[in-house]
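Sharing a structure, written as structure tokens. Questions coming.
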């Protein structure tokens, strides 16, 4: 879990994922020789800050987004949202601009957000929630579990995967935009017919802590029933605890698979969290373990 | 009209079009040898549940979506919408889950929909309006005329068409997503510059029963004027009754032609219905006949 | 500035850009032999009404949209919007239909717009703001500065550019749709990694008249920080006056670069206007000059 703690400390507000990307590349480079299969690594300016790992002969790709929600400084002491952070006055924020480090508190309400930093901050500066990681016997609690846990699951999958793409995407929290070129590259390099979205969803009246990893039948968008049925069948056979989600709202990188010019089935699979998009995102360790276990199982069998 | 009555009995809520798709494939297989031109048929898992028919040397494609609106079971006895069905308490719904057939009534209001089935229904189960087809001298009335009439028009077109694509798409009612890969396949196989959308629109203050098939100058999106002008000119020459639509809202598979990476002109052409997205959709038989007549006329001349 | 005055007189409501397109093509044809580099010109039906000019060996493309907002006649004397025009009762509108020239006034409110023309106007007819160009020592004021000033900047750039694409797009004001096929053509003909959007933005509390051309750090969508940082660095070195924009709303052709299947960085650069989307759009001549100056500077160095 050491690597998870390290990832949680990286900042990566949408559009500024280079720190997280460099960190992942360094980790991959250090570990890849111990993995079951040595992947081909695609990264660098041609891929903006995204990373693609190709293991063996892929049939399926796993996507985990490396960006987080946050804030951007507008004019004066105004802030505007990146992605959809919860607006909780008093929240600790951090970042840096041309004049140095910034640590301040969020002030105001949903449609009028500002910061209390004594000096002005350069317009366009990104601020993140201050990180505060808490782990006990049952839960992990921190900012940005969405989607640092997805990155962690994807990296753990790399240890044992034989065939498949493991892909780290950008911008997901703010409308997306890297998926189209990632999918094009994948389909032109070593095409797939299936995609799994390793991301974190929400605790609701039908999705509860400790009931296992969530397989999403739908969010705002609806994946093809045939594929979801296949996943659920495999999940049942696996013995790994899972629960089914049926929601009317929400989206993920799966949306961009759906609207891509390729006939690729997709399914969102990940643990659920409470206190979504706050500094106190909370996930059950049992659910996280199920998430870590289901990816290798499915990637072998799909 | 026998085939129309059969299509109206198929269920095909967005994301679960396989029954409708299999039915169409079987029909096509039985009839194709009696058609003017024998088409090349593209279907199967590489196309998800879509079907493409290539006749001769296409210049234009006709698209008809084979999915319908409906409902999905959430948790407990909750329902959420697929596409945009009208929420009318007491509406008869049907479907099936792991425990067998389901017949129930819709209960509640727009933002709090549920069913009254005595037992729980598997989360993710799709429910459709119970079908009730009524035909008199002037009108056909049934659930899902949108877009079973589009499928019917497309199948009738198959009998006489010389050159063109006839394409059956999926997911249209819930945001789309098959059009991008269908268009890519078409452009890489036998490219076109023109697309007609065979779908059903709405009776409004400017679009009335018995005034002919509707040629849409715009809905939420705006096709290129040059192409619409060409269609209207041909329609006038045809002697087939038609009316023009100018609306601010609504969308169709045409939207995805507009935003595709191909310079393809598009136009929505179809009969208008009242009681949109209810079990009582109502279309004038005169307007339907005009829809059936205009497609062969335009496909020959465009 | 003669050419700007001419462009301002052309009408080109989204979907009906052919007059503007023909005018630009004629101008390009007359002038191209005096330009530093003779471009390859791509236009005609394969590109709908768009125009692409390829100069030398492009690394970057400049996009300027040639359509304007406006109105479309619905039924009776009703109007509906094209793009997002301000609804100001009494505004003079112009157009023409099958019965001849139309000059009338806008009547009504945002959700119930109509015209006062004594006879009916053909449904689907486009109406534009009557043009009224006013220039003094400080300002230019007219309808459609957005984006006639972008066209003007792009044409001025053509005089001196060595390497790059200069592209005139359509439909931008009404959701877009030409950018996907333009980008595909560019990437398959002479690919780029960078895109600049030559368009007009808004005066706000942080963007003021006479402070220079606006470089946008974000609008509704967020370009990649690495690229924006590079642009700002070059802008500082140039000595050309500029100001930074950080907004939560608004969009441009940049949106479609972001969501394209190509890893192309993008940035919006243009003068700011007051009285947005009215017949009285107002831009500082100092800011316009900075816009005209920054494009050649950046295109040489990016």
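In order of appearance the chains are A, B and C, and numbering begins at 1 in each one.
Quick note on the criterion: a contact is a pair of C-beta atoms (placed from the backbone, for glycine too) under 8 Å apart; a residue touches a chain by one contact, two chains touch by 3 or more.
Molecules present, by chain and UniProt name: A, B, C = Putative aminopeptidase FrvX.
Predicted model only: the values in this text are computed from it and were never measured.
*Asks:* Just tell me the minimum hop count from chain A (Putative aminopeptidase FrvX) to chain C (Putative aminopeptidase FrvX), counting one hop per pair of touching chains.
*Replies:* So the least number of steps between the two chains is 1.
*Asks:* Turning chain A (Putative aminopeptidase FrvX) onto chain B (Putative aminopeptidase FrvX) with a C-alpha fit: angle in degrees, nearest 5?
*Replies:* 120
*Asks:* Return the distance between the CA-based centres of chain B (Putative aminopeptidase FrvX) and chain C (Putative aminopeptidase FrvX), expressed in whole Å.
*Replies:* Inter-chain centre distance comes to 36 Å.
*Asks:* Spell out, as numbers or ranges, the residues of chain A (Putative aminopeptidase FrvX) touching 2 or more other chains.
*Replies:* If we look for residues of chain A (Putative aminopeptidase FrvX) contacting two or more partner chains, we find 260-261.
*Asks:* Considering the complex alone, what residue numbers of chain B (Putative aminopeptidase FrvX) touch chain C (Putative aminopeptidase FrvX)?
*Replies:* 193, 204-206, 217-218, 220-226, 228, 244, 246-248, 258-263, 265
*Asks:* Sort out for me which residues of chain C (Putative aminopeptidase FrvX) touch chain B (Putative aminopeptidase FrvX) in the complex.
*Replies:* Touching chain B (Putative aminopeptidase FrvX) from chain C (Putative aminopeptidase FrvX) are residues 14-16, 18, 45-49, 72-76, 80-82, 123-124, 126, 171, 174-178, 180-181, 183-184, 260-261.
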